[in-house]
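Order of writing sets the chain letters: A, B, C and D. Residues in each chain are counted from 1.
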Amino acid sequence: MPKTVTKWRCCPRSAVARLSISTPLDVRLLDKGLSVGEALAAFNAAHEQAGGVVSFLGKVRPDGGVKALELTHYEPLTQPGMESLAQDALARFELDGALVWHRVGVMTPGEAIVLVAAASRHRRNAFEAADFLMDHLKSAAWFWKREKRADGWHWIEPRDADHADLARWK
Amino acid sequence: MPKTVTKWRCCPRSAVARLSISTPLDVRLLDKGLSVGEALAAFNAAHEQAGGVVSFLGKVRPDGGVKALELTHYEPLTQPGMESLAQDALARFELDGALVWHRVGVMTPGEAIVLVAAASRHRRNAFEAADFLMDHLKSAAWFWKREKRADGWHWIEPRDADHADLARWK
Amino acid sequence: MSVTILFLGPLRDLAGETERQVEAPLDWNGLLKAVGPEVAEQLDQERVNLACKGKVLADKRSLYAEDGDEVALLPPVSGG
Amino acid sequence: MSVTILFLGPLRDLAGETERQVEAPLDWNGLLKAVGPEVAEQLDQERVNLACKGKVLADKRSLYAEDGDEVALLPPVSGG
(Lines give C-alpha, C1' and ligand atoms only; values in the text may rest on other atoms or scores of the structure.)
Protein backbone atom coordinates (compact mmCIF):
# COMPACT_ATOMS: atom_id res chain seq x y z
CA MET A 1 0.00 0.00 0.00
CA PRO A 2 1.58 3.33 -1.05
CA LYS A 3 2.41 5.75 1.74
CA THR A 4 0.92 9.23 1.58
CA VAL A 5 3.18 12.23 2.09
CA THR A 6 1.25 13.93 4.87
CA LYS A 7 2.67 13.76 8.35
CA TRP A 8 0.20 12.00 10.59
CA ARG A 9 0.04 12.79 14.22
CA CYS A 10 -2.14 11.49 16.95
CA CYS A 11 -4.42 13.79 18.86
CA PRO A 12 -4.93 13.77 22.59
CA ARG A 13 -8.21 12.06 23.38
CA SER A 14 -10.91 14.62 24.01
CA ALA A 15 -12.77 14.66 27.30
CA VAL A 16 -16.07 14.27 25.44
CA ALA A 17 -14.99 11.79 22.79
CA ARG A 18 -13.45 8.42 23.42
CA LEU A 19 -12.19 8.25 19.85
CA SER A 20 -8.72 9.15 18.67
CA ILE A 21 -8.63 11.04 15.38
CA SER A 22 -5.59 11.27 13.11
CA THR A 23 -4.78 14.71 11.76
CA PRO A 24 -4.85 16.16 9.24
CA LEU A 25 -6.44 13.09 7.63
CA ASP A 26 -8.39 10.24 9.16
CA VAL A 27 -9.34 7.66 6.52
CA ARG A 28 -10.95 4.38 7.55
CA LEU A 29 -12.69 1.36 6.14
CA LEU A 30 -14.95 -0.05 8.82
CA ASP A 31 -16.48 -3.50 8.93
CA LYS A 32 -18.92 -2.61 11.68
CA GLY A 33 -21.17 0.25 12.77
CA LEU A 34 -19.81 3.70 13.45
CA SER A 35 -20.87 6.15 16.14
CA VAL A 36 -21.49 9.37 14.23
CA GLY A 37 -21.88 11.67 17.22
CA GLU A 38 -18.62 10.47 18.79
CA ALA A 39 -16.74 10.63 15.51
CA LEU A 40 -17.80 14.22 14.84
CA ALA A 41 -17.17 15.32 18.43
CA ALA A 42 -13.64 13.90 18.20
CA PHE A 43 -13.07 15.47 14.77
CA ASN A 44 -14.23 18.87 16.03
CA ALA A 45 -11.97 18.58 19.08
CA ALA A 46 -9.04 17.65 16.83
CA HIS A 47 -9.60 20.78 14.72
CA GLU A 48 -10.33 23.42 17.32
CA GLN A 49 -8.67 26.14 15.24
CA ALA A 50 -10.91 25.62 12.20
CA GLY A 51 -13.66 28.20 11.79
CA GLY A 52 -16.00 25.79 10.00
CA VAL A 53 -16.68 22.07 9.90
CA VAL A 54 -19.02 20.45 7.37
CA SER A 55 -20.04 16.82 7.65
CA PHE A 56 -22.01 14.43 5.49
CA LEU A 57 -23.56 11.24 6.79
CA GLY A 58 -25.00 8.73 4.35
CA LYS A 59 -27.37 6.06 5.63
CA VAL A 60 -28.98 2.97 4.14
CA ARG A 61 -32.44 4.04 2.96
CA PRO A 62 -35.39 1.77 3.65
CA ASP A 63 -36.57 2.13 0.03
CA GLY A 64 -38.42 -0.39 -2.10
CA GLY A 65 -38.39 -3.14 0.47
CA VAL A 66 -34.62 -3.22 0.89
CA LYS A 67 -33.81 -5.53 3.79
CA ALA A 68 -30.02 -5.29 3.64
CA LEU A 69 -27.19 -3.77 1.65
CA GLU A 70 -23.83 -5.40 1.03
CA LEU A 71 -20.78 -3.42 0.03
CA THR A 72 -17.80 -5.28 -1.37
CA HIS A 73 -14.51 -3.63 -2.31
CA TYR A 74 -10.99 -4.44 -3.45
CA GLU A 75 -8.85 -3.53 -0.47
CA PRO A 76 -5.54 -2.96 -2.36
CA LEU A 77 -7.30 -0.15 -4.27
CA THR A 78 -9.87 1.09 -1.76
CA GLN A 79 -7.71 2.28 1.13
CA PRO A 80 -5.03 4.01 -1.05
CA GLY A 81 -7.79 5.43 -3.26
CA MET A 82 -9.56 6.98 -0.29
CA GLU A 83 -6.30 8.33 1.16
CA SER A 84 -5.28 9.88 -2.12
CA LEU A 85 -8.72 11.47 -2.52
CA ALA A 86 -8.52 12.92 1.00
CA GLN A 87 -5.07 14.33 0.17
CA ASP A 88 -6.47 15.97 -2.96
CA ALA A 89 -9.29 17.59 -1.00
CA LEU A 90 -6.87 18.77 1.70
CA ALA A 91 -4.71 20.60 -0.85
CA ARG A 92 -7.46 21.78 -3.19
CA PHE A 93 -9.65 23.35 -0.50
CA GLU A 94 -6.91 24.39 1.94
CA LEU A 95 -8.40 22.29 4.69
CA ASP A 96 -7.21 22.02 8.25
CA GLY A 97 -8.27 18.39 8.13
CA ALA A 98 -10.64 15.79 6.74
CA LEU A 99 -12.32 12.61 7.92
CA VAL A 100 -13.34 9.93 5.41
CA TRP A 101 -14.94 6.82 6.87
CA HIS A 102 -16.69 4.13 4.84
CA ARG A 103 -18.49 0.98 5.90
CA VAL A 104 -18.03 -2.30 4.06
CA GLY A 105 -19.92 -5.57 4.50
CA VAL A 106 -23.62 -6.07 5.22
CA MET A 107 -25.71 -3.18 6.58
CA THR A 108 -29.41 -2.78 7.38
CA PRO A 109 -31.68 0.25 6.69
CA GLY A 110 -30.93 3.23 8.93
CA GLU A 111 -27.28 2.20 9.41
CA ALA A 112 -24.51 4.61 8.45
CA ILE A 113 -22.62 3.81 5.21
CA VAL A 114 -20.37 6.80 4.93
CA LEU A 115 -19.24 9.74 7.03
CA VAL A 116 -17.08 12.55 5.68
CA ALA A 117 -16.09 15.76 7.43
CA ALA A 118 -14.00 18.73 6.35
CA ALA A 119 -12.55 21.40 8.66
CA SER A 120 -11.45 24.70 7.22
CA ARG A 121 -10.84 28.31 8.01
CA HIS A 122 -13.55 29.29 5.53
CA ARG A 123 -17.10 27.99 5.41
CA ARG A 124 -17.29 27.80 1.61
CA ASN A 125 -14.15 25.63 1.45
CA ALA A 126 -15.47 23.19 4.04
CA PHE A 127 -18.77 22.82 2.13
CA GLU A 128 -17.07 22.31 -1.21
CA ALA A 129 -14.58 19.81 0.21
CA ALA A 130 -17.30 17.62 1.73
CA ASP A 131 -19.27 17.76 -1.52
CA PHE A 132 -16.13 16.94 -3.55
CA LEU A 133 -15.26 14.02 -1.28
CA MET A 134 -18.72 12.52 -1.67
CA ASP A 135 -18.79 12.99 -5.45
CA HIS A 136 -15.42 11.26 -5.85
CA LEU A 137 -15.61 8.60 -3.18
CA LYS A 138 -17.36 6.00 -5.28
CA SER A 139 -14.98 6.28 -8.20
CA ALA A 140 -11.91 6.52 -5.95
CA ALA A 141 -12.80 3.58 -3.81
CA TRP A 142 -14.14 0.76 -5.99
CA PHE A 143 -17.26 -0.23 -4.09
CA TRP A 144 -19.83 -2.64 -5.45
CA LYS A 145 -23.24 -2.70 -3.85
CA ARG A 146 -25.99 -5.26 -3.79
CA GLU A 147 -29.35 -5.05 -2.12
CA LYS A 148 -31.33 -7.81 -0.49
CA ARG A 149 -35.01 -7.58 -1.34
CA ALA A 150 -37.84 -10.09 -0.81
CA ASP A 151 -36.73 -11.98 -3.94
CA GLY A 152 -33.04 -12.11 -3.05
CA TRP A 153 -29.87 -10.14 -3.77
CA HIS A 154 -29.61 -7.61 -6.64
CA TRP A 155 -26.48 -5.80 -7.81
CA ILE A 156 -26.82 -2.02 -8.13
CA GLU A 157 -25.81 -0.67 -11.52
CA PRO A 158 -23.70 2.44 -12.11
CA ARG A 159 -25.75 5.62 -12.49
CA ASP A 160 -25.38 8.37 -15.07
CA ALA A 161 -25.94 10.93 -12.31
CA ASP A 162 -22.59 9.91 -10.81
CA HIS A 163 -20.80 10.95 -13.98
CA ALA A 164 -22.62 14.29 -13.93
CA ASP A 165 -21.57 14.79 -10.28
CA LEU A 166 -17.92 14.19 -11.17
CA ALA A 167 -18.06 16.49 -14.20
CA ARG A 168 -18.86 19.42 -11.85
CA TRP A 169 -15.25 19.40 -10.62
CA LYS A 170 -13.46 19.15 -13.98
CA MET B 1 -44.07 35.98 18.18
CA PRO B 2 -45.79 34.62 15.04
CA LYS B 3 -46.53 30.90 15.00
CA THR B 4 -45.13 28.81 12.15
CA VAL B 5 -47.44 26.44 10.31
CA THR B 6 -45.45 23.22 10.71
CA LYS B 7 -46.72 20.68 13.18
CA TRP B 8 -44.08 20.08 15.78
CA ARG B 9 -43.77 16.77 17.49
CA CYS B 10 -41.42 15.51 20.08
CA CYS B 11 -39.13 12.60 19.41
CA PRO B 12 -38.44 9.77 21.80
CA ARG B 13 -35.05 10.33 23.42
CA SER B 14 -32.40 8.26 21.68
CA ALA B 15 -30.39 5.72 23.64
CA VAL B 16 -27.17 7.44 22.61
CA ALA B 17 -28.30 11.03 22.91
CA ARG B 18 -29.70 12.68 25.97
CA LEU B 19 -31.13 15.49 23.88
CA SER B 20 -34.67 15.73 22.59
CA ILE B 21 -34.97 17.03 19.05
CA SER B 22 -38.13 18.56 17.61
CA THR B 23 -39.12 17.37 14.16
CA PRO B 24 -39.22 18.38 11.42
CA LEU B 25 -37.63 21.63 12.67
CA ASP B 26 -35.54 22.32 15.73
CA VAL B 27 -34.64 26.02 15.98
CA ARG B 28 -32.89 27.36 19.07
CA LEU B 29 -31.15 30.43 20.40
CA LEU B 30 -28.70 29.31 23.07
CA ASP B 31 -27.08 31.48 25.70
CA LYS B 32 -24.51 28.85 26.64
CA GLY B 33 -22.29 26.21 25.01
CA LEU B 34 -23.72 23.44 22.86
CA SER B 35 -22.59 19.83 22.65
CA VAL B 36 -22.18 19.26 18.92
CA GLY B 37 -21.69 15.49 19.03
CA GLU B 38 -24.82 14.97 21.12
CA ALA B 39 -26.88 17.37 19.02
CA LEU B 40 -25.96 15.61 15.77
CA ALA B 41 -26.41 12.14 17.24
CA ALA B 42 -29.90 13.15 18.38
CA PHE B 43 -30.71 14.77 15.01
CA ASN B 44 -29.58 11.64 13.14
CA ALA B 45 -31.65 9.45 15.43
CA ALA B 46 -34.68 11.70 14.87
CA HIS B 47 -34.32 11.33 11.07
CA GLU B 48 -33.51 7.66 10.66
CA GLN B 49 -35.32 7.48 7.33
CA ALA B 50 -33.23 10.20 5.68
CA GLY B 51 -30.56 8.94 3.31
CA GLY B 52 -28.27 11.91 3.87
CA VAL B 53 -27.52 14.38 6.64
CA VAL B 54 -25.29 17.42 6.15
CA SER B 55 -24.16 19.55 9.06
CA PHE B 56 -22.24 22.78 9.42
CA LEU B 57 -20.54 23.85 12.62
CA GLY B 58 -19.16 27.37 12.91
CA LYS B 59 -16.66 28.15 15.65
CA VAL B 60 -15.02 31.30 16.98
CA ARG B 61 -11.67 31.58 15.22
CA PRO B 62 -8.62 32.58 17.26
CA ASP B 63 -7.64 35.14 14.59
CA GLY B 64 -5.79 38.40 15.08
CA GLY B 65 -5.61 38.17 18.83
CA VAL B 66 -9.36 37.82 19.36
CA LYS B 67 -9.96 37.06 23.03
CA ALA B 68 -13.75 36.94 22.96
CA LEU B 69 -16.71 37.45 20.67
CA GLU B 70 -20.06 38.90 21.70
CA LEU B 71 -23.21 38.35 19.73
CA THR B 72 -26.20 40.55 20.43
CA HIS B 73 -29.57 40.16 18.78
CA TYR B 74 -33.12 41.48 18.86
CA GLU B 75 -35.14 38.59 20.20
CA PRO B 76 -38.56 39.61 18.75
CA LEU B 77 -36.99 39.31 15.26
CA THR B 78 -34.35 36.62 15.74
CA GLN B 79 -36.38 33.59 16.77
CA PRO B 80 -39.23 34.11 14.22
CA GLY B 81 -36.63 34.95 11.56
CA MET B 82 -34.76 31.70 12.16
CA GLU B 83 -37.97 29.67 12.24
CA SER B 84 -39.21 31.17 9.01
CA LEU B 85 -35.84 30.53 7.34
CA ALA B 86 -35.89 26.89 8.47
CA GLN B 87 -39.42 26.56 7.06
CA ASP B 88 -38.24 27.94 3.72
CA ALA B 89 -35.37 25.45 3.57
CA LEU B 90 -37.67 22.57 4.52
CA ALA B 91 -40.01 23.30 1.61
CA ARG B 92 -37.42 24.41 -0.95
CA PHE B 93 -35.14 21.39 -0.56
CA GLU B 94 -37.77 18.78 0.33
CA LEU B 95 -36.07 18.05 3.63
CA ASP B 96 -37.06 15.45 6.17
CA GLY B 97 -35.91 17.89 8.80
CA ALA B 98 -33.55 20.67 9.80
CA LEU B 99 -31.74 21.85 12.89
CA VAL B 100 -30.78 25.51 13.31
CA TRP B 101 -29.01 26.43 16.54
CA HIS B 102 -27.30 29.74 17.22
CA ARG B 103 -25.36 30.97 20.21
CA VAL B 104 -25.79 34.48 21.60
CA GLY B 105 -23.78 36.25 24.29
CA VAL B 106 -20.05 36.11 24.93
CA MET B 107 -17.96 33.26 23.45
CA THR B 108 -14.24 32.46 23.46
CA PRO B 109 -12.12 31.12 20.56
CA GLY B 110 -12.84 27.47 19.74
CA GLU B 111 -16.43 27.67 21.02
CA ALA B 112 -19.33 26.83 18.71
CA ILE B 113 -21.34 29.79 17.38
CA VAL B 114 -23.70 28.04 15.02
CA LEU B 115 -24.80 24.52 14.16
CA VAL B 116 -27.10 23.71 11.26
CA ALA B 117 -28.07 20.29 9.95
CA ALA B 118 -30.30 19.16 7.10
CA ALA B 119 -31.70 15.66 6.60
CA SER B 120 -32.95 14.62 3.20
CA ARG B 121 -33.59 11.67 0.96
CA HIS B 122 -31.05 13.05 -1.51
CA ARG B 123 -27.50 14.07 -0.79
CA ARG B 124 -27.51 17.13 -3.06
CA ASN B 125 -30.60 18.55 -1.33
CA ALA B 126 -29.06 18.14 2.12
CA PHE B 127 -25.87 19.92 1.01
CA GLU B 128 -27.74 22.78 -0.63
CA ALA B 129 -30.08 23.23 2.32
CA ALA B 130 -27.22 23.52 4.84
CA ASP B 131 -25.44 25.97 2.54
CA PHE B 132 -28.67 27.97 2.04
CA LEU B 133 -29.34 28.08 5.80
CA MET B 134 -25.85 29.43 6.50
CA ASP B 135 -26.00 32.03 3.72
CA HIS B 136 -29.34 33.35 5.00
CA LEU B 137 -28.93 33.01 8.73
CA LYS B 138 -27.23 36.35 9.30
CA SER B 139 -29.75 38.35 7.34
CA ALA B 140 -32.71 36.42 8.77
CA ALA B 141 -31.60 36.66 12.34
CA TRP B 142 -30.30 40.18 13.04
CA PHE B 143 -27.05 39.40 14.84
CA TRP B 144 -24.47 42.04 15.69
CA LYS B 145 -20.97 40.92 16.56
CA ARG B 146 -18.16 42.57 18.38
CA GLU B 147 -14.72 41.20 19.12
CA LYS B 148 -12.58 41.76 22.16
CA ARG B 149 -8.95 42.33 21.25
CA ALA B 150 -6.02 43.58 23.35
CA ASP B 151 -7.22 47.17 22.88
CA GLY B 152 -10.84 46.50 23.74
CA TRP B 153 -14.12 45.75 21.95
CA HIS B 154 -14.60 46.33 18.19
CA TRP B 155 -17.83 46.01 16.22
CA ILE B 156 -17.64 43.83 13.11
CA GLU B 157 -18.85 45.57 9.98
CA PRO B 158 -21.12 43.99 7.32
CA ARG B 159 -19.19 42.25 4.53
CA ASP B 160 -19.76 42.51 0.79
CA ALA B 161 -19.17 38.75 0.54
CA ASP B 162 -22.42 38.18 2.44
CA HIS B 163 -24.40 39.92 -0.27
CA ALA B 164 -22.67 37.80 -2.91
CA ASP B 165 -23.55 34.65 -0.92
CA LEU B 166 -27.21 35.65 -0.79
CA ALA B 167 -27.30 36.50 -4.49
CA ARG B 168 -26.46 32.84 -5.28
CA TRP B 169 -30.00 31.81 -4.28
CA LYS B 170 -31.95 34.52 -6.13
CA MET C 1 -47.63 56.98 28.42
CA SER C 2 -44.45 56.30 26.48
CA VAL C 3 -42.64 54.61 23.59
CA THR C 4 -39.38 52.68 24.16
CA ILE C 5 -36.58 53.31 21.67
CA LEU C 6 -34.01 50.47 21.54
CA PHE C 7 -30.47 51.07 20.23
CA LEU C 8 -29.03 47.82 18.86
CA GLY C 9 -25.51 46.74 17.91
CA PRO C 10 -23.08 49.58 17.17
CA LEU C 11 -25.87 52.18 17.50
CA ARG C 12 -25.86 51.47 21.22
CA ASP C 13 -22.34 52.95 21.47
CA LEU C 14 -23.26 55.93 19.31
CA ALA C 15 -26.36 56.65 21.39
CA GLY C 16 -24.49 56.10 24.65
CA GLU C 17 -27.42 54.12 26.01
CA THR C 18 -29.35 50.89 25.41
CA GLU C 19 -32.82 52.35 25.40
CA ARG C 20 -34.71 55.56 25.95
CA GLN C 21 -38.33 56.31 26.88
CA VAL C 22 -40.03 59.06 24.91
CA GLU C 23 -43.57 60.38 24.87
CA ALA C 24 -46.18 58.63 22.73
CA PRO C 25 -47.11 58.88 19.95
CA LEU C 26 -43.86 58.84 17.96
CA ASP C 27 -43.48 59.32 14.20
CA TRP C 28 -40.40 59.47 11.92
CA ASN C 29 -39.67 63.14 12.53
CA GLY C 30 -40.22 62.74 16.24
CA LEU C 31 -37.79 59.82 16.27
CA LEU C 32 -35.08 61.77 14.42
CA LYS C 33 -35.36 64.54 17.00
CA ALA C 34 -35.45 62.13 19.95
CA VAL C 35 -32.26 60.20 19.08
CA GLY C 36 -29.94 63.17 18.54
CA PRO C 37 -28.09 64.28 15.39
CA GLU C 38 -25.43 61.48 15.27
CA VAL C 39 -27.89 58.59 15.46
CA ALA C 40 -30.34 60.48 13.23
CA GLU C 41 -27.70 60.67 10.52
CA GLN C 42 -27.22 56.86 10.68
CA LEU C 43 -30.96 56.28 10.79
CA ASP C 44 -31.42 58.27 7.61
CA GLN C 45 -29.23 55.78 5.68
CA GLU C 46 -30.96 53.02 3.75
CA ARG C 47 -28.89 50.29 5.44
CA VAL C 48 -30.36 51.07 8.85
CA ASN C 49 -33.77 49.51 9.48
CA LEU C 50 -36.53 50.16 11.93
CA ALA C 51 -38.77 47.70 13.74
CA CYS C 52 -41.98 48.58 15.55
CA LYS C 53 -43.86 46.05 17.72
CA GLY C 54 -41.40 43.33 16.60
CA LYS C 55 -41.89 43.90 12.85
CA VAL C 56 -39.38 45.45 10.47
CA LEU C 57 -41.03 48.37 8.68
CA ALA C 58 -41.03 48.23 4.88
CA ASP C 59 -41.03 52.03 4.88
CA LYS C 60 -39.40 53.26 8.07
CA ARG C 61 -40.55 56.83 7.38
CA SER C 62 -44.13 55.66 7.92
CA LEU C 63 -43.38 54.96 11.62
CA TYR C 64 -46.25 55.59 13.99
CA ALA C 65 -45.60 54.20 17.46
CA GLU C 66 -48.22 54.40 20.16
CA ASP C 67 -48.19 54.10 23.89
CA GLY C 68 -46.37 50.92 25.04
CA ASP C 69 -44.79 50.21 21.66
CA GLU C 70 -41.15 49.27 21.26
CA VAL C 71 -39.20 50.90 18.41
CA ALA C 72 -35.90 49.14 17.58
CA LEU C 73 -33.12 50.77 15.55
CA LEU C 74 -31.43 48.02 13.50
CA PRO C 75 -28.02 48.72 11.98
CA PRO C 76 -26.82 46.27 9.28
CA VAL C 77 -25.90 42.84 10.65
CA SER C 78 -22.23 41.95 11.06
CA GLY C 79 -20.23 39.96 8.57
CA GLY C 80 -17.70 37.25 9.32
CA MET D 1 3.85 -21.08 -10.01
CA SER D 2 0.55 -19.29 -10.55
CA VAL D 3 -1.39 -16.06 -11.00
CA THR D 4 -4.57 -15.40 -8.99
CA ILE D 5 -7.54 -13.99 -10.92
CA LEU D 6 -10.06 -12.18 -8.69
CA PHE D 7 -13.67 -11.68 -9.80
CA LEU D 8 -15.15 -8.63 -8.11
CA GLY D 9 -18.71 -7.33 -7.70
CA PRO D 10 -21.21 -8.66 -10.23
CA LEU D 11 -18.46 -10.48 -12.16
CA ARG D 12 -18.26 -12.88 -9.23
CA ASP D 13 -21.76 -14.13 -10.04
CA LEU D 14 -21.02 -14.35 -13.75
CA ALA D 15 -17.81 -16.32 -13.15
CA GLY D 16 -19.48 -18.53 -10.56
CA GLU D 17 -16.45 -18.19 -8.30
CA THR D 18 -14.51 -15.59 -6.30
CA GLU D 19 -11.06 -16.40 -7.60
CA ARG D 20 -9.17 -18.78 -9.81
CA GLN D 21 -5.51 -19.83 -9.96
CA VAL D 22 -3.96 -20.04 -13.44
CA GLU D 23 -0.44 -20.68 -14.64
CA ALA D 24 2.06 -17.83 -14.83
CA PRO D 25 2.81 -15.81 -16.83
CA LEU D 26 -0.55 -14.39 -17.91
CA ASP D 27 -1.18 -11.82 -20.66
CA TRP D 28 -4.39 -10.28 -22.06
CA ASN D 29 -5.13 -13.13 -24.47
CA GLY D 30 -4.35 -15.70 -21.82
CA LEU D 31 -6.74 -13.95 -19.43
CA LEU D 32 -9.59 -13.86 -21.96
CA LYS D 33 -9.20 -17.62 -22.47
CA ALA D 34 -8.88 -18.35 -18.75
CA VAL D 35 -12.09 -16.56 -17.67
CA GLY D 36 -14.47 -18.14 -20.15
CA PRO D 37 -16.54 -16.49 -22.92
CA GLU D 38 -19.15 -14.73 -20.74
CA VAL D 39 -16.66 -12.93 -18.51
CA ALA D 40 -14.36 -12.33 -21.50
CA GLU D 41 -17.18 -10.46 -23.25
CA GLN D 42 -17.59 -8.16 -20.20
CA LEU D 43 -13.83 -7.72 -19.87
CA ASP D 44 -13.60 -6.52 -23.44
CA GLN D 45 -15.89 -3.56 -22.63
CA GLU D 46 -14.24 -0.23 -21.83
CA ARG D 47 -16.17 0.11 -18.57
CA VAL D 48 -14.50 -2.93 -17.05
CA ASN D 49 -11.02 -2.28 -15.61
CA LEU D 50 -8.13 -4.51 -14.70
CA ALA D 51 -5.73 -4.24 -11.76
CA CYS D 52 -2.43 -6.08 -11.46
CA LYS D 53 -0.42 -6.05 -8.21
CA GLY D 54 -2.88 -3.56 -6.72
CA LYS D 55 -2.62 -1.02 -9.56
CA VAL D 56 -5.31 -0.27 -12.15
CA LEU D 57 -3.80 -0.69 -15.62
CA ALA D 58 -4.03 2.34 -17.91
CA ASP D 59 -4.10 -0.08 -20.86
CA LYS D 60 -5.55 -3.38 -19.69
CA ARG D 61 -4.49 -5.08 -22.94
CA SER D 62 -0.86 -4.61 -21.87
CA LEU D 63 -1.37 -7.06 -18.95
CA TYR D 64 1.63 -9.16 -18.06
CA ALA D 65 1.22 -10.98 -14.73
CA GLU D 66 3.99 -13.08 -13.30
CA ASP D 67 4.19 -15.78 -10.69
CA GLY D 68 2.52 -14.70 -7.42
CA ASP D 69 0.72 -11.70 -8.96
CA GLU D 70 -2.94 -10.94 -8.32
CA VAL D 71 -5.07 -9.84 -11.28
CA ALA D 72 -8.39 -8.22 -10.31
CA LEU D 73 -11.32 -7.80 -12.70
CA LEU D 74 -13.08 -4.55 -11.80
CA PRO D 75 -16.59 -3.94 -13.13
CA PRO D 76 -17.93 -0.35 -12.91
CA VAL D 77 -18.71 0.75 -9.36
CA SER D 78 -22.33 0.88 -8.23
CA GLY D 79 -24.46 3.99 -8.20
CA GLY D 80 -26.84 5.09 -5.46
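Following the convention adopted for this analysis, contacts are C-beta pairs under 8 Å (C-beta built on N, C-alpha and C of every residue); 3 or more make two chains touch, one makes a residue touch a chain.
All values derive from a computational prediction rather than experimental measurement.
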item: Most remote chain, CA-based centroid, reference being chain A; value: C
item: Centre distance in Å when chain A and chain D are each reduced to the mean of their C-alpha atoms; value: 27
item: Chain centre separation (chain A, chain C; CA means) in Å; value: 50
item: Computed distance of Cα centres, chain B from chain A, in Å; value: 23
item: Interchain pairs in contact, sorted by label; value: A-B, A-D, B-C
item: Chain A to chain B touching residues, read off their complex; value: 16-17, 35-38, 40-42, 44, 48-59, 61-62, 110, 121, 123, 126-127, 130-131, 134
item: List of chain D residues in touch with chain A within their complex; value: 6, 8-10, 13, 47, 51, 54, 56, 70, 72, 74-80
item: In the complex with chain C, residue positions of chain B that touch it; value: 1, 72, 74, 76-77, 80, 138-139, 141-146, 155-159, 161-162
